[in-house]
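Multiple structures follow.
Both complexes below contain subunit A, partnered by subunit B and then by subunit C.
After this line comes the complex of A and B, so read on.
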């Protein structure tokens, strides 16, 4: 599964709030002797646990020419060890009443299980086993490659919005690895070999490159005991590579791309700008950017929605998103779908005018307060979901933040001023670092 | 010096005809025991020789994150060996009445000297010496890096046309190394280290990765004697890396980029399409593409010039170029400069109409004959220049062609049919594989 909330998937991000960015109570954390970091979030409301292992490796770490190998490897992790044959991992979890899944982003690869608290050791044993002991064969690998080729066809190539998004990211990041899709370029997926997969596994899958996050009906003491008995026995990797990604030249645009496809029923326009992220910013700039984008387009009370949908009736939807969680930087996006009979060009002009007015005058006090309250409230809602709790800490740590960054997030959001929000909006919403994408039906006139 | 006729430099190519593509008489060729290829083109009109060493390495072979190192290394090659101290190479050539220079493209790095025929051994000795024996120091390397940063500022960053060209190539090749500029991204040039340069030198500079081309008043026998005495003593490299470049996804557009700069006096529009090259095509497709682009925009009698400049008076210049010499593929380009008072958008619409008409109807017999004769004539003119002769064979061999490809080029051009030219033009001039670039003054309205 490709994690759409990850680094470069900005525009397609399912959730408005970066998962790396919600204030929560302090969890317990410790490190095993082999370097594996452990985070425990006690949640005794029900006798279940969410168990996640986050590897500090994602698509952005792939060797050049082997795009897709990180996600490919996520699939292979279900293909069995000597102790747990292919398919048996998920069957064992299900037999014990649990669920499991995995996801890959530019920045991380994560495996999770939700299971009754008294079965926790079962999944820890199996997860620790497959960290090193996968018994994959060339035949298995070839078969799974076909599965991924088909997954790419369905998720990207048959989806005009995804095709456009992939092209926009390739333009926004001409050099940085975020320009390469997480699932990989088709011709490179087709060329992935057994040796590529083996090398990737041996290089990156190690306890000293992993974060164990357990949320649920468990104590830190019990987790420590179980972790030492399972993960604690896995030897660390000595020469873990640095996650040293190439950077892009600063100014590259303004760029545009048009994608026409007969499957498009509704034209739309979107724009991505390169941005800072929680991992790359100094001080509270990423917080201020989240607030600014919330004001500009985070809801139906935002500038873009009110102007384009309600007042001018040029659009049936309009908004903005901030993807501020990437280890290698972030992005922000604007999007709008024209109302019937409205040309995309006219909608774009109106959208640009809303942005220009916002950048000229900045937010009102009322807008600022509303946006901060809404973002801060999300931190409270997140505590209702054990899965969210575990994901927030896991993703944040895997993307270079500290537990303190997560815990103080809510306060930091509340500290953002009008000037902070306006300054980072002005810096970010710069067409010289943007790609505008237009999606049109095949039959539309040029 | 950056070689603008190389691989990706399509649009800026100084000469209309790909240097890799001109039919000439058969030269003598042989190989030294260490794998160095030697080509001798006898030319006894004057007692001078042109001596070139072509290395099969260019910017496209650079390690990721070290863009610019190939060109940087070209500079370092003048920094001295134990036998020939820094600066002494060029001084010795000059003292002997000669000239020397060097150039780097995506596909190759070449060093050349023109000197009196009886001094040939002097340059062969010095060139063979610096193939392995450079005595570069970290201090020297840092100083030269500043020279290159300044070169980049002058050639690219202060030149709006070059900035736009760099961005267009980055978009046209989102993954392939041709998307990275030969001179390198500024922030990567600034980070180049002594170790990067040393590794690049040791990896690629070797007799079995080099082609010696000597044109002039010399015999193959004498060249062999001198070559065995000089280059023949240089040990080959055992594990020369494969030149195995990543490829791009097939369809990526249509894309656009606008560059505004206060230094722009005259707006212009250009478009690049990805294309085949002599190295990647099958049969005579590259020949047919050269012919098609000559008809479309190669001269003042071309379709584009006549329609846009003469008939409609929308442009002060208009034309097309084919860059069909890249080892990793080629590109073709269209360009036009609007007449006073004409909007770029109107000019683009008219340009598109000329292309559409050409792709619908194809060339006339008269156009075909004129284009083929013009291209073939260039092969004849090239024989007047010793430098051109040497460059054509050197570049063609360094870019994966054979001597036979060069020798039969003129005949192959004459064999192109109307259908050949139309078929490859239709395949190539596809907006889904194109970038349109617009250059505007800073003050112009959007």
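After this line comes the complex of A and C, so read on.
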């Protein structure tokens, strides 16, 4: 997920905490006549609102050869309409004491404003205006393309770990669009044209392809009135394309990539496996996978950390992550950084042994209970932030889940059994659907 | 100087920095008059004081605590001592070894962290109401009976060793160190842990440092969430009551921040350079602190509304972002800024930045810009106070900076009182000749003046 103006870490973290979502107060929801879905989450502690519009379009929907256009277009959404000239959107929000930004992922593009509750209509008017009335001109958008190139350098090209990650994803998804980076390949970004951006906009940006999420000091009645007056007047599109992405062959064989960079001072190893997600699984498989990966590597009490960092002292960090939120499927990852003097190969062997033991015996009942409690408690903590709540509901809906899925998430996590967790772990942690990446320093001159 | 993010491998352990962005107006704005924050002073039966905002909407409690005396007072040969000591406080306490302690934290679904920065040591606790008493009991154990066992200490040493190695190619770290070396050479704030200084840190030194870091009477404590004053009083005694009484720690010597040390290039192989710049600033007790917040918003703090963002990014596409901010530590005040530009664009980005800073320093702002800045800084204040965690962060920063309990409710009025004259007076601080510029990367076509 990438952001228009930096500060992505906190947002990414908010989304990672609860990939699908969380047991929370039931939000109100309704649909406008033009097909726009509306979700309202009341929180009256502070006189502020978080207003978000989520479009069901992301980098995975880009035409081949135009990688990066979804994110580029997200930037162009700030370049003005006839009513609100370039730069005026953010300036107006700021003058009203608000903050605004946007972000793009493979699955969705979202725009948000946080602002005093009594200024809500100001941002709803402007956000509805730019949904269909953007008036960008070719001269305005070239400098913005340079900005995107700088953003790519800052996020990816400067950072050997990010470069390796990009290569691993390209191998994990040799055909599916998830193998293409959200920000785009540099040579394709540099060729993106005005027409590419215009076509993308006309195809995907419409109320019947959008979800409005408002959290904070508002009532559903007030939101309905304002939404009908603003978004309700935007015409829907008739020919919204289906989002049927090409799929990968099931097995790619164990794949391997080594990336060397002279900035690397300590090697590291990571591995990605293709996995199910909340939108592609059957029953509670994604819940079970989240629980299993938490036990395997989610904390300093996990199997991987205890074995590799504490007991065998081969690593200074080790763990696992589950990305179970993708509309087109998920992935899980393992990672470890060796201690001084330890070879990557020795660490990899030890890591594989931890995984093999976990897949043979499964978690203990104690581990299972601890992991479930920890995940479920996130549901209560998430209620502290209206911004997190808006993101959880917005992302979940944009990624194919229902409000009910979100609200019962905590109960579904608690219902995961040892057998559920073990079965999905065994299915997922299969080397035939994996890519192993090794980061190494530059080779010494001969 | 050992910073919280010193060692990436340790970041997860040191989840709390000791000094939470001391009262930076940009991060911590003011409260809307129509909904004041109700802050109470709670004094426990045993005499422990805290500020409390009681709100039971969400069944959770947030506590932040700080004690003065941090890394700047570590013996120079053991730079990093305070950080390693605080990291070790969640690596076993009482009858729990490191792993049992972390399992107990997870079973209570709480978070507890200790950390150190130059000026002090800090503690952060978040718990659900339903586990309140057990959570605070565990915190007391970490605070008063940490084990400092050899096994986790050896592990942290292994992690620090790798972290020290990795930071040598981290552009942000290299820029910060180069600025410190140029602006405050020899000052304790400019000390960085090394393999040698970490090797010199013994368990005995850690035990001794812990024994004098915490006290009952000098703790600065802020609590927000689902607890009332009576219950908090009892919990304060149970958690902090066993700590000793001691005299407040001395502040580090005042840092005399140098102006204009030219342009310093730190080579690092990467396609884009990090540009970092800094100059002497204004302390947060200075009357110019509030005008500075307004001025900074106009030149480089206000996201897309700021002049630098407009000139460097929006008009020319020279960087993804550029920003400036006032920064204060207990004994140092500075203005800081940064941007990242493709190596071939660095010279142009620098010259545009210098020209904008010069124009601002000489001609100042317009009344419209000042009004816009005030509208934003006051209007956006409630956005930083919409959760227990955020309220605790903002209020605690004021508490630690020595503000009064009602400051959070007066802050908007102080910002509204800022005039164009005030802004133009402090705008002179942005004179580019006062700044030192560090470029980390492989910049092209730069004339390097004043590089040491």
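Everything below uses one rule, namely that the second predicted complex is superposed on the first by the 425 of 446 C-alpha atoms of A that agree within 3 Å, B and C clash if a C-alpha of one lies under 4 Å from a C-alpha of the other, contacts with A are read in each partner's own complex, and residues count from 1 in each chain.
Definition applied: a contact is a pair of C-beta atoms (placed from the backbone, for glycine too) under 8 Å apart; a residue touches a chain by one contact, two chains touch by 3 or more.
These numbers come from a predicted model, not from an experiment.
With both structures placed on the common chain, the touch criterion links A:114 to subunit C but leaves subunit B unconnected. When the two complexes are superposed, the chain touching more residues of subunit A, out of subunit B and subunit C, is C. Contacts of A:193 after superposition on the shared chain: neither subunit B nor subunit C is touched. With both structures placed on the common chain, the touch criterion links A:34 to neither subunit B nor subunit C. By the touch criterion stated above, A:280 is placed in contact with neither subunit B nor subunit C.
With both structures placed on the common chain, the touch criterion links A:430 to neither subunit B nor subunit C.
In the superposed model, A:208 makes contact with neither subunit B nor subunit C. Of the two partner chains placed by the overlay, neither subunit B nor subunit C lies in contact with A:408. In the superposition on chain A, the residues of subunit A contacted by subunit B and by subunit C do not overlap at all. Considering their complex, residues 9, 12, 32, 34-35, 55, 57-60, 98-99, 102-103, 106-107, 109, 126, 128, 151, 155, 158-159, 161-163, 165-166, 168-169, 171, 268-272, 302-305, 310, 313-321, 340-342, 372, 375-376, 378-383, 385-390 of subunit C touch subunit A. Looking at the complex, you find that subunit A touches subunit C at residues 5-6, 43, 45-48, 78, 87, 90-91, 94-99, 114-116, 119, 142-147, 149-151, 153-154, 157-158, 216, 261-266, 299-301, 306, 309-310, 313, 316-317, 337, 339-340, 370, 373-374, 377, 380-381, 383-387. Of all the residues in subunit B, the ones that touch subunit A in their complex are 64-65, 67, 167, 170-171, 174-175, 179-180, 185-188, 244, 246-249, 252-258.
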